[in-house]
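Below, chain A partners chain B and then partners chain C, in two separate complexes.
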Partner chain A sequence: MSGYELRLRASLAARLDLSGLTPHALAGLSRSEVEHLSLPYGTARVPLGELFTLMPAPAGALLIGGDPRMDFVGAGLASGEMMVSGPIGVCAGAQMSGGLLTIEGDAGEGLGGCMSGGRIEVRGQTGARLAGPLPGARVGMTGGTIEIRGDAGPLAAANMRGGLVLVHGDVAEHAARDMIAGTIAIAGALGPQAGAGMKRGTLLLAREPLLLGPGFGDAGEHDLIALQLLARRVPLLAELFGGGISGRARRHVGDRLAGGQGELLWLS
Partner chain B sequence: MRVRITNGRIFDPASGMVDLLGNVLIEDGRIVADDPALRADETHDAAGCIVMAGGIDLHSHIAGGKVNLARLLMGEDRRAHPEPFGAFCGCGGGNAAPTTHVTGCRYSQMGYTAVFEPAMVGANARHAHLEMADIPNIDTGGFLVLGNDDFLLRLIAQGESQTAINDYVAWMLSATQTCAIKIVNPGGISAFKFNARSLDLDEAGPHYALTPRRVLQSLQRAVTELGIPHPIHLHGCNLGVPGNVATTLSTIGATEGFPLHLTHVQFHAYGTEGDRRFSSGAAEIAAAVNANPHISVDVGQIMFGQTVTASADLMAQYRNHSIASPNKWVGMDIECDAACGVVPFAYRDTSFVNALQWAIGLELFLLIEDPWRVFLTTDHPNGGPFTSYPHLIRLLMDRDFRAEQLARLHKAARAHTNLVELKREYTLEEIAIVTRAAPARTLGLKDRGHLAPGAIGDVVLYADMADREAMLSWSARREPERGRDPRQLRRSLSHGGHAARHHRRHATLGAHRRRVADGLRHFGDRLWLRGGDRGGNRAGGLARRAAGHIRAHLRHVAEGSEEDRPGAGRPMRADRPHLRLLCRHRRGAARAARPGFALFR
Partner chain C sequence: MPLGRALRYFGDGHQIAKSIEGRRFWRIPVMEGEFVCDDITGSSTASVGGGNFLILARSRAAALNAAEQAVDAMARVKGAILPFPGGVVRSGSKIGGKYPGMIASTNDAYCPTLRASVESALPGDVQSVLEIVIDGLSAADVGASMRAGLSAVCALGAAAGIVAIDAGNYGGNLGPFHFKLRELMA
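And now, the complex of A and B:
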């Protein structure tokens, strides 16, 4: 089982769909078979070899040179490692169930849509609907971990049902809308209208939430041992919040307009 | 332009030609008698091929509001089935709820050239026609859904004459450009809106106090008296309810000799025997169909896998919405004319009920003796996508294959079916009947479903292969020359890297060329506008008369006293503004004198 590095010959002139192109799928194919894979490119199809040059890479790995028009990178990834050096288009890591996807640049909309396992790391920003549902689906992300070094766009963690999303930067409006369960931890600022229609789930915040909707009620200051345990079990969380979580938190509960029992925990 | 197809094995049961070596000559899109003196511009050697007329599917939900809703609801269908791989127009994808282009491409790959949308609601007719016009390669037509619209129910409840009902039916057919009448759960959808959750054949509905039997019989008489070729296309009461075999048998009894088509009869053939109170009623239904030559059926076979059910029968869909998979559904009223329920379904061979449904469908196919009165359908997409037809045909033609599939099913379901004892195998001739000749005959299509001179030049060539499923399958499954689609990699790898490697299996000749030249032909135009057809001319004349009658009726309703109205005292339902609008539209000379926009005020 050998790995591949795909280097773009030139920047893309149309949207390129890379769904299904995973280390596992390529494992059984010869180099020439990989070069002849037919990729949807704009309204046509082109052989992979026409867009990329193939280089060897460590076994089980797939390295791709990124482009903002490259969509569905790592969609359906179940095992192995994929790395994108540069920006990327929409729906990267959609329906991912395992493995690791690392994106060095910015990611487009729908990152980790309907993801059920595995791990995504993004160095840059992400577009709208991070960890959300794919079109037609009722629930978004159900498991796995997504870590964003930059900011996240609108509707982050909407309809999310499980898993962990960590955002080092700010999150735009309508975060956690209709969230069913799961956790999103935000080190930067939380945008307006967060948590509308939220049923359960947790938003962990480093900064005070200023623009909460009317469905959220202040449930006071708490000293939560659970948070300390959580920080110990999940080092990523402790790292996100600067090394330690004391357990002190201000708790807001909502969205009570929708009968929800989700919580926003502002850590102090 | 002459095209000659030579040396093919011709299966044309409508003209009595079965398995005869011969030539077919197409001249300007029509089949003509082959004369060696006529020089062909193009000759295709069909040696080793089976030659048939283009397939006709008389019950497949390919257009209209509910199909669009199903597309909207089933995003995962599009993700699981991206656009077909190969030389296609590259317009969309989907399997259970495909786009219009995929519908046309995949039907024509299987050798089908005409498909009928069986449930067009009057209020949605314009949209459905536009959508069907967007389907490439195949000819299309629609059946009008009546039997739950307030106007008709009011006519019947007020004891209006049969002439009035005939007028209304003819006028509606003309206004909606449809070629037959479909009834979905007669009176039941209307009853559902008044909170009834079931309605049996002889049970009076809650508002109009009408029994489904009466609605059915009124419309049956109308269709017979108007001379519409296809009998009432009936989706009966109690769809999917265990024990509905009794209802279906009484429905056959209620026809009193008038012709009737029972659609997706598999869903109406359930008994209540056994520990699980669910059993096959196929033998009783088949016996009744065999004994009553005025009854025809299409089966509505279920096929295992993911699909989406889309039906006007909101009563049945509401009953089933809790077992939707994935768990989501749409239910809605449509302009008080009908309703619509869209429920995703995954039929599983490990489920007792699904496995038995599958067996019941096959039992019906095998027990009904006359192939001219049974049509091959899966009620696309309700029993399964139409792309599963080749698999279904193999099940019918290959007894060993059938037994092999049966052995994989839920154990208890196997004990409840006598499928293994049914030795019958469909011959190619019978397949040609149930997929072509018989549907053409029941729809009154004189120039389709056969290869005699005068027929439309829809000729299909299948490479003769022992595996009938492979023979009839859509050719996109062949391995393309330019490499594989990565989205299909996982599937082909899981089958040991096997991807079917077949050459081009069939081609629809003539038909394609004709369409390129003529643009799309629509059955509605042919039957009801262009005339030249018995039903068309007659219904056209009646429709003109009916416009006046309906106007008078509306005046009567407007001026009539409150006590006259059935269900008086109950809140009046929203009237049908669009119907009035259409009536005004028909005011002949007066219409011409008025500016167009006034019609819409």
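And now, the complex of A and C:
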């Protein structure tokens, strides 16, 4: 399987949809066939070669120069590796089921929407609805791992149903709204209105949140074997909290106003 | 083997599933805190079960102290586990019993209070017996674990109330692996 690097010829003047442009989709295509792939660009379609210069890359890899108007990068990725240098637009990694997507910049809204497997790493910030549902869907991320080195926008992990999200920075308001299952771990500060409507799932925090909704009840401080197990099985999680997960955490359960049994844990 | 998948129902709706890195495990609330287990447990047909030895002591306190010292030493041996809670068996058993349907019952030959009732295996100054059971990936692993435990008990000696160390051999009929204490400590 040959790899490609796509270098933008110029900054994008309209939204570009890269859905389905994955290493697997390009495997077996000649350079000419790749250059003639038709991409939705604004209200029209243009050949890939008009927007990008093609360069060779390691087999199975797809490297892309980023642009804030470049949407759905890595959407549908099932295997192989994609790397974006620079910022990208909305819905990167949407419906991913495998492989690795690395973004060396900021990502827009909807990162990892409806993702079911694989791994996304973002070196910068990410916009709203991280790991949430795509427009029209009821359920967000169901599997895989997302790691955000910077901050995350509003509604992170909303309607999330599985998988693991790690945020090194702060998370804005309405995190884990209507969360169904899964885990979001946050090393920075948690914004207001977190966990509203949460049914199941875990919000794991480095420190006590400033404001917690009325639907959460204090279940006390515990020595949780499950936390130790998570830290052992997921070295990234231990690293997120500076290697310090002893298993002791304060547990709040909610959102009880919605009959939920989710949990908000902060390490102690 | 889908062990945790069945055990989760003990949580009566309060159980929590976590799927991380392709592996699913369950958190089941229990009185002690949380019982945590994998959804699917690995199994092997090549492992070895049922290694054991008995600590015969002058008192319950002496027997428990020796058993705990042995468990600490055995926990450091890889490839073997002590399947009972805390690693110590308080009520060791014999195969069968007088009542129909009982596959095991109290090990009367080692019960201190039954000296006058049954053919006792206990020296006169023994007032308490605790057992340690060992399972392992191989006979060598079980042997190494037993050796560590036996050494720990022997190091305590008579001064700590230890009278003897014995083992249940169940007539030599309980499985193909036999761990003879003298050979282990030779």
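Rule of thumb we're sticking to: the second predicted complex is superposed on the first by the 268 of 268 C-alpha atoms of A that agree within 3 Å, B and C clash if a C-alpha of one lies under 4 Å from a C-alpha of the other, contacts with A are read in each partner's own complex, and residues count from 1 in each chain.
To be clear about the criterion, a residue touches a chain if its C-beta (ideal position, glycine included) is under 8 Å from a C-beta of that chain, and two chains touch if they have at least 3 such contacts.
As the structure is a computational prediction, the values presented were derived from the model and not from experiment.
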- With the two structures laid over each other on chain A, which partner does A:181 touch: chain B (first), chain C (second), both, or neither? second
- Query: Thinking of the overlay built on chain A, is A:45 touched by chain B (first), by chain C (second), by both, or by neither?
  - Reply: first
- Message: Under the stated touch criterion, which partner chain does A:9 make contact with: chain B (first), chain C (second), both, or neither?
- Response: neither
- Thinking of the overlay built on chain A, is A:31 touched by chain B (first), by chain C (second), by both, or by neither? neither
- Task: Kindly classify A:145 by the partners it touches after superposition: chain B alone (first), chain C alone (second), both, or neither?
- Result: second
- Message: Once chain A of both complexes is superposed, is A:225 in touch with chain B (first), chain C (second), both, or neither?
- Response: second
- Of all residues in chain C, which touch chain A in the complex? 14, 16-21, 23, 25, 27, 33-34, 36
- For the chain A and chain C complex, residues of the former touching the latter: 143, 145, 162-164, 181, 183, 200, 202, 222-226, 229-230, 233-234, 261, 263
- Message: Give the list of chain A residues in touch with chain B in this complex.
- Response: 18-21, 25, 28, 33, 36-40, 43-45, 47-48, 76, 95, 134-138
- What residues of chain B sit close enough to touch chain A in their complex? 72-76, 78-79, 82-83, 85, 90, 326-328, 480, 482-490, 493, 497
